[in-house]
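The following pair of complexes shares a single chain, subunit A, combined with subunit B in the former and subunit C in the latter.
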Partner chain A sequence: MSLPAAAALLLLLTVPLATFALYSVLTAGLFSVSGPLTLENYRAALGSSLNHTLATNSLVVGVATALISLALGLPIAYWLRFAAGRWQQFVLFLVVASMFASYLVRIYAWRTILGDNGVINRALEGLGLTSQPLGFLIFSRAAVVIALVHILLPYVILVLFAGFRPMPVAILESAQDLGANSLTRWRRIILPLMAAPAVTAFLFVFVLSAGDYVTPQFLGGTRGSMLGVQVQASFIEAGNWPLGAATGFVMLTGFLLCYGLALFALRLTRLDRVRWS
Partner chain B sequence: MSSRNVLQRSPITALITIMALLFLFLPLAVVVLFSFHKTGGLSFPFKGFSLRWYRQVLSSPEFRASAENSLIVAAASCALTFVLGTLAAYGISRSSSRWRGPLSLLFFLPITLPGLFVGLALLVFFARLKLELSLRTVVLAHFVYVFPFFFLIARAAFDRMDIALEEAAADLGANHWKVFRRVTLPQVWPILVGAAALAFALSFDEFIITFFVIGPDSTLPLFIWSSLRRHVDPSINTVSTLLMTVTFGLSAIAFLFALRGERARARTLELSLRGEMDPGRSI
Partner chain C sequence: MDDWDNTDLFSGSTQAEREDLTRRQLLERGGLALAFLGAGPFLAACGGKKSAAPTVTSNGTPKAPNASGQIAFISWQGYDAPKAMASWKKAHHVTLKATYMGNHDEIQTKILAARGSHSFDLITYAQAYKPLYKELNILTPIDENKIPNLKNLIPFFASDYKNFWVDADGTRTGVPLNWGYVALAYDSDAIKQPQTYRDLLDPSLKGKIGMPDDLIGVAQLGAHVLGIDITKMSKADFGEVKDFLRKMIAQTKGVSPTYGDLASRFAAGDVVAAFCGWPPIDQLAAGAGKKTIKTYLPKDGGVGYCDSMAIPTHARNTDTVHAWINATLEPKLAAQIDDSLGTATPVKPAIPLLTKDLQAAYPWNSLDGFFKKAPLYALAPFKSDKYVTWSDVVAAWQQLKAGG
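Let's turn to the complex of A and B:
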């Protein structure tokens, strides 16, 4: 019964990814892409100093977005699981609903808030605190991070809430009865038990934000541009598909390495073995 | 004082939750508010309400064409996902084959990839096949994107079901299809409908992948994208609000159906535990 779906995904995902990989070792001609096979695109992609800057930006934005989302998501998921009471379903609904507030609309919303004529700058001027717009609010890595946290935080909350769900209240109660204060409970019980879902959420956010190409286009400016924008531009603007494919594949390899390293680290520390039954 | 009470009072996490909800909703509220603005101004002070931007947007032919395309694409990819996803989730859930692991991984794979790669890989693939980019290619791309979300929810629903009921029906002589239609489906359909609403909403709002595989056509997110590129126009607020109304509405439907599915499941479980399951009654 799973065959039709499996065939469809093999045809529409794995075969295209393989084609994408093939393009990265071909040469771009005027109207076509052809052989012989070459590593020239990878040399160009890895050697470009612009790409180094953009990759650094992607890395910084990805890590910052993931860390901030986790720092907010953990206490929120904890509250939902242990303290929300009758508010639980309502707040969960709000979180799910906000997940569906359009991706582009959020980017647009942050542009109207952070922009030179935006809500914040106008308010500051109105209050007489500034005489000209604070230009650094928009077109920076920080602006990109804010919008990405806004986009991805709901997913993080849901993943972490699912992680908290099977955790028995009794564990925390007994820790408390034995004299552990809330800081100790977080450090010695909650964080180790939540390591696996937290790493999952971190990777999810890191990969999606470091691989984004739209948010940096509208909020990053030149200072906050990222590698995904460059890959997109190689395809759409420059029309050099092989170079774009090679740059994209370097990115993809980086993400796969992150997945591998994280799984390895979890296994090494045996934090992936938490079972409740 | 019992320790339970102390755990339940968690002022710091409560404060963080409230702040985060404000952070999530205030920017969207600004967009909605200014979609009703009387003037073209995009920041405070707010000069009063009017529906002029709605009138302007709703009478724009480009907007209508984009909205229509979005509906077509979302309906088609949602239908495709519903059929293939339900089959796949049921198959995986009831199978003990050694392909179960690899297949689950394949079905999950699209979630782990940034849309950039899915979009570019499909662009290259379609170009290689000399397949012209159109709404059809967008439907195929959206299927890849929404499939894992639908599959994960549907599979969880099938996994949690009490298999004893299906076995009992089969023992009583019902064939495969009859068991599925009369016993399995009635227990999970609210969750499947919820998951389908979610798939529809995800497709309706998709931009990252769509951008690469759409060709000359437009959908609502592409309409917003191109007006974002051109200039800051107050009607973007209106289009955004309309788009969010659709996706919010769908997510509310998804949520309600999921709750309903939860309750139906609890009831079935309770009845079957008590041994009072009445086969004549639908759940």
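Let's turn to the complex of A and C:
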């Protein structure tokens, strides 16, 4: 049964990756690649001071987006599972429906909210709290993080809701009967049991946000550009496919490293073995 | 302000009449064409039979071939002229399968990705890309005998100027579709008209300057303002250009990813002037309620461009493509196309048919002089031991955009 799916995965994931792995060690021509094999592209990708700056931006934006999304998503998913009652299906529908809105429309919505003449600045000035627009609200890392949290939060909620779903209410009620207050229930029961789904959600958001190259162009300004933009520029503008492929593989290696570290941390704390039954 | 004189072309209409009459029309047409996304011509039926119609009449004059079938097209949105060409397509049973690009470099990337098989039948290219496309060998010759309307071109665009459209050996590879310039744009409601680009570096304008992520336009304009030809730029020259652009970017809060985005920033009041403005953004901003944006050539000039239609290698149904190109040179259709885009037409008999605003916006009578103030440049060379290469320019632009 799983053979066709495995074959599709092999075709759609492995073949492109292998192609780009090969490109990354070939010599760059003008919008072309040729022999001989070389590691020069990796040297250029790793040695570029611009890439260091952009990688730092990507890391900061990725971690910040993932942490904030998790902090917001966890209570919402908990509420959906244990407290929403008859609202559960409707709110889940709203969460899914929010993903139907165009990515670019949502980015532009934040432009109108965060801009110099946007909703927030006008409100602050109208209330007499500021005399001129708060310039840091837009075209900054913060603006990129805000927009990415908005875009990616529904995914986090769904992943965490799936994690909460098999959790029996009886366990939390038992803990309460035994004297555990809300904080203790979260610390001793919920968070250990939700560690694996939370790490999954974190990595999902981290990879998507750190690798994004559209949002930084619209909201990042000169301080919020990220490494994905550089990969795009290498392929599309400079026609240097090997450098773009090498930079992409450096990013992929970074992501795999994060994935490995997260799994290692789960195993070290034995949280990967926590089960309901 | 621009000081070109077009009076002999527009005798009988006053400037006031032109402005009153046409701003709304231009706004409606230009704005709509650029604003709507994805009304994609997924009309495509298949097939495309090749016509073997003669291309020269019995008296020796060129004749457009018969058209039918499908054309696979890639270019900017609106360059497929969905409204203007609708009747022609219907009459000839032609469908246009359009791919809209977000970046000019998608053209060569996609053609090369096809690895020698069919990709597109019709493309457009900016004149700056001609040396690259020649080097990559991705253009096929255009048969002038199949395009009788070439006679309608303004002589400047019919010429072999810098071999942008016609090679030195006389082979035609491109047919001009529209032209224009990038220069300085400002909001007359917010500031006095700047005299030079350096006025934009005034500390009082910090954070209020816009700039599009148009590498070619910005790089060419940055060099031009400093009196440097980007195609013959030494490392020392390049250092000056980078310093100048670094200062200009420091005046912005970030580079706009598209010209549409720049227009949005103008409309929102986030920027009051732009380095590398483009006349159609005036109309886009007006469409969003900001009618005081004006793109113009300051004392230090600007940079011109000309987008041309071309046939890539391994194109199919080339007779229909020739017929399409020929149709776009019909005066009425050419005027409709440029009205919808807000660009200038290379078709001489189309000029009086343009909206009055568009007629007044370009120096039709003195193109040679205009292109001295706003030259048509190629890209920096791709290989050179003497001059800065295009790869160097791309790398520097990424660095500058990231605040480096």
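Descriptive notes on the structure:
Heads up, the rule we're going with is that the second predicted complex is superposed on the first by the 252 of 277 C-alpha atoms of A that agree within 3 Å, B and C clash if a C-alpha of one lies under 4 Å from a C-alpha of the other, contacts with A are read in each partner's own complex, and residues count from 1 in each chain.
Operating definition for what follows: a contact is a pair of C-beta atoms (placed from the backbone, for glycine too) under 8 Å apart; a residue touches a chain by one contact, two chains touch by 3 or more.
What you are looking at is a predicted structure, and each value in this text was computed from that prediction instead of being measured.
When the two complexes are overlaid on subunit A, subunit B and subunit C occupy overlapping space and clash. Touch counts on subunit A: comparing subunit C and subunit B, the chain ahead is B.
Shared-chain residue A:218: touches subunit B and subunit C both. In the superposition on chain A, A:155 contacts neither subunit B nor subunit C. When the two structures are aligned on the shared chain, A:186 is found in touch with neither subunit B nor subunit C.
In the overlay built on the shared chain, the residue A:108 is in contact with subunit B and with subunit C.
After overlaying the two complexes on the shared chain, residue contacts for A:50 are found with subunit C alone; subunit B is out of touch. Of the two partner chains, subunit B is the only one touched by A:94; subunit C is not.
Using the contact criterion defined above for the overlaid structures, shared-chain residue A:4 touches subunit B, although it does not reach subunit C. In the superposition on chain A, A:237 contacts subunit C only, with no contact to subunit B.
Taken together, the two complexes place residues 108, 111-112, 117-118, 218, 235-236 of subunit A in contact with subunit B and also with subunit C.
Contact residues of subunit A toward subunit B in the complex are 1-6, 8-10, 12-17, 19-20, 23, 72, 75-76, 78-80, 82-83, 85, 89, 91, 93-113, 117-119, 121-123, 126, 150, 153-154, 157, 169, 172-173, 176-177, 204, 207-208, 210-214, 218, 228, 231-232, 235-236, 241, 244-245, 248, 251-252, 255, 259.
Those residues of subunit B that touch subunit A in the shared complex are 3-4, 6-10, 12-14, 16-17, 20-21, 23-25, 27-28, 30-31, 34, 42-45, 84-85, 87-88, 90-92, 95, 103, 106-107, 109-110, 112-118, 120-125, 128, 140-141, 143-144, 147, 151, 201, 205, 207-208, 211-212, 221, 224-225, 228, 232, 236, 240, 243-244, 247-248, 250-252, 254-255, 259. Interface of subunit C with subunit A (complex): residues 103, 105-106, 108-109, 112, 132, 135-136, 207, 213, 215, 249-250, 252-255, 257, 261, 264, 268-270, 382-383, 390-391, 394-395, 397-399, 401-404.
Remark: subunit A residues 30-32, 49-50, 53-54, 108, 111-112, 115-118, 135, 138-139, 217-218, 220-225, 229-230, 233, 235-240 touch subunit C in the complex.
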